[in-house]
C-alpha cells in the first residue's frame, strides 16, 4: 500500500544552517502517526515543509499521488491536507463563529461569490455550528478569537484544521495548555474525527501519544532516527540515548 | 561620446544622492521595521535649514549646521511620536510618519511660502571643474558626488569597525539580546534614527542648492526613494546602492534619448500609422524620463518581487 | 445590521433628502462635495480598514473615474446609451479596470511595500498625464456639459445634488451589502491573517485583487460624480494631496466602523469649505488633527462615539457629563491657542508682511491684524494669549483624566478608545 504522505531525503537550510538534514517519513492511509523529539529537533519545520510554508532545499514530498515540495499552501490544502499551528494563528478580531465559518466556506466554493449573502448558505451555517459544537466552543460563539483563553484557542486551531474535511490532518501540539479533562476530550475528539482520515501529530505528552497513535517517528537534530509502534519506540536504544543521554540509556 | 560620459556622470551623482537618502531609510527600516514616510521630509528640512542659516553662518557653516538640526528633529520625532505608537503596530507607525511628513510640508509652506526659495550654490563653487568635449562639468556636481561617497565610506567604517557600530548592528539584528547585554537599546534606536535623519538632511543641504528648493521636493524625491527600496530590496544596503545608481543612470541617460515608440515602429514601416495614433506611441523617451523608474519598479515586481538584492520573504 | 441603527439611519437619509429645502445654494454645493468625498472615503476603506491594505495612491482611481466620465459626457451628449444620470457608470467601469491592473501589481507585496507601490503608481499616472493630452487634456484639463435627460435639465445645483445623493446612497448600500457576501467576510480575513487564509486553501492574491478592484470601482463612481458636478476633469485630481486627503479623512473618521470614513470625509470637507476663506493653513490643521488622532484616539471619531456609548452604559450619562464637558472645553482651548499661534505666524512670515517690513526698515515690526484686533509680534501680551490658552487647556486635560480615573474606580472598568477592539463589521 502506498503511503498517503511520504517524505524522502527532505532537507531544509536557512542560510548556512541546515535544520532538516534528510528526513524519511511515511504516513500510511488511515493511520495516526506521532512525531516526537527533543526541543529544537525541527518538528514544526517539518510541518512547515509539508504544508507549503517553506520549500525544501532538497528531497521530495509526495502526497496522495502528487509531488508537493515547494507547492503553495493553498494548493496543498486544496489537495486535501490541512494543518493546525503550534503558535496560535487565528483571526483575532473576528468572532469564533466567523473564524470557523471562513474555514468552512472554502469547501463550498463560495469564495468568489458576490451576489448572495453569506447568511443565505444554510449548509455553511450548519457545518459551522456543528464544528463549534464539536470543539465545544458554541458557548463562546460571539467572543473574539483574540479574547479566548489559551486552551480555547487550541481547540479553535483543531477546529480550523478539521473544517476543510481533509484527507490528511497535521496537528502541531494541539493540546498544549489544556487541562486533563480538556486533553482527554481532545484525544477522544481526535480519535472520532480522524476515522477514515490520516493524522500526523506533534506531541510532547507521551500518554497521549501512546494512547492515540499507531506509529511514532522520532526526530532528532533534523533527522528521523527511529520509526515504529509505541512499543518498539519505547524499547529503542537510539531513542533512549537521544532523550536521556548515552550513559543513562545504557 | 562626451555627452554620454556627461550623462553617465550626472546619473551616477544623482544616484549617489538617492542613495544618501535611501541608506538612512534602509537603516531605519532594518532597525525598527517601520518605513519612515517622513524621511524625505528630513531631506527637505536639510535644504530649508541650510537656506535659512546661510545668511548668518555662510554657505559652508550652514551646510554643517543644517544636518545637525535635522538630526535633532529626527530624535524628537522618534522619542515623542514614534515611540508612543510603537505598540500599535507597523501600519500605525507608517501612518503616523505619513501624517508628520504632511505637517512638515505644511509648516515649511507656513514659514517659507508655497514657492521655491532662492537657495543657490555660492559663487565660490560656481565654476567648471573640467571640460568634457564641448561641455563644462560643474564643480558642484562633483562635490555632491564626493560628499555622498565620503558619507558612505564613513558610515560603513562606523558600522563595521567601531564599537558603537557593533552595538548598533546588534541592536538592529537582535534588540532584546542587546538590551539583555546591558546596552541602552532605546538610546541606540534614537541615535540611529537621528543619524539617518541627519544624513538625509545633509543630502538636502547639498542638493537643494543645486536643484530647486521648494515645498514639493520631499514628495518628488520621496517617491523615487520608495522606488529605490522596492527595486533594491528593503533592508539591503547593497540593494539600495545598486538600485540608486541604476535609477540615476537610467533616468539621466534617457533624458538625452529623443526616440519614441513610433521610431521603433518605423523599422517595421509603421511610422505613419503610429504617428496617427499618437498618444503613448509618439511620446519621446526624453519627455517621460522621470517615469522610467516606475516602469523599472513594475518590472521588478513582475519578475523578482523581493527586489534585486532583497531576501525572499 | 443592528436594529437600533435603523432609526438614526432613516432620520439621516430623510435629512439628506430634505437638505436643499433647508439650506442655501452655496451650502448645497458644499453638501455635494461632502457626499462625493464621503463615497470616496468609504470606497477607500474597503481596501484600508476592511482588507487591511494601506493604499497611498487612491487618487488614481478617483481621477480616472472623473476623466472617463468627462469623456463619456462629451461622447454621448447626455442621450443615447448613456444618459446623464447614468454617466458615473463610465467612471465605475474604468475605475474597475484600472483597479484590476494596478491591484494585480500592487498586491504582489504586502504591508509597507504595498503602500509604497500604490503611491508610486499614482505618481506614475500623475507624471504621464501631462504628456497624454488626448486623454488628460493638458494644463487646462477637459470640460464637458451636463445634458438634459429623463425630463430634467440638470442645470441647477439642486438637481445635481439629488443625482449625487442617489448615487452615493446606492453605492454606500452596495458597499455595505458587499460586507455581507462571502467575499466581504473573507476581506476581513485578509486583514486579520492573510497567511492563515492561504493554509485554508484560499487564493489570497486573487482575493486581494478582487477587493482592490471593487474599491477602485466605487472610487471611480465618486470621480464620475465629481465630473458631473464640476463638468470638468484636470490631472491635478491625480495629485498626491488627493490621495493624502482620503487617508487623513478616513482615519479621522475612524476606519473600524463602516460609516466612519464617510463621517470623517464629510466633516473635513465641510471644514475645508467653511474655513478656506479664513485661513491659508487649513491643511496644516488637518495634518495636526490626523497626528493627534493617530496618537491618542486611533479608532477615530466614530470609534470615539462608540466608546461614549459604551461608557454611558457602564457609568450612566449623568456621571459622564462633567468629564465630557471638561474634555470638550480642553479641546476647544487647545485648538484656540494653536489656531492663534498658527495664524499669527502665518501672517508674520507671509510675503506681504515681509515686504512691508522691508519697506519700513526702521520702524520695527508692524502690528498684525487678527480676529478683529491688532497684535504686536514683539509684545509679551501677544504671546501670552496662546500660552494662556494652552496652559488652561492642558490643566483641563489633566482634570479630565482624573475625572475618568475616578469614574473607573467607582464602577466596573469600561473599555477605553485605545484598547477597544475594532468592529467585525
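Read from first to last, the chains carry the letters A, B and C; within each, the first residue is number 1.
Definition applied: a contact is a pair of C-beta atoms (placed from the backbone, for glycine too) under 8 Å apart; a residue touches a chain by one contact, two chains touch by 3 or more.
Everything numeric here is computed off the predicted structure, so don't read it as measured data.
Taken as a contact graph, the chains are arranged in an open line, each linked only to its neighbours along the path. Every chain gets a centre from its CA atoms, and the centre nearest the mean of all protein CA atoms is that of C.
In this assembly, the C-alpha centroid of subunit B lies 30 Å from the C-alpha centroid of subunit C.
With centres set at the average Cα position, the gap from subunit A to subunit B is 47 Å. As a whole-number value, the distance joining the C-alpha centres of subunit A and subunit C reads 45 Å.
Subunit C has no residue in contact with two or more other chains. Against subunit A, the residues of subunit C that register as touching in their complex are 177-178, 180-186, 188-189, 192-193, 195-204, 206-207, 210, 421-422, 424. Subunit B makes touch with subunit C in their complex at residues 29, 34-35, 81, 84-85, 88, 90-92, 94-96, 98-100, 102-103, 106-107, 109-113, 219, 223, 226-227, 229-230, 234, 278-280, 283, 287-288, 290-291, 294-295, 297-298, 301-302, 305.
Listed in rising order, the residues of subunit A touching subunit C in the complex are 51-53, 72-74, 77-78, 82-83, 89-95, 98, 101-103, 105-107, 110-119, 121, 144, 146-147, 160, 163-164. Those residues of subunit C that touch subunit B in the complex are listed here as 52, 54, 56, 105, 108-109, 111-113, 115-117, 119-121, 123-124, 127-128, 131-132, 134-135, 240, 244, 247-248, 251, 281, 283-284, 287-288, 290-291, 294-295, 298, 342, 345-346, 349-351.
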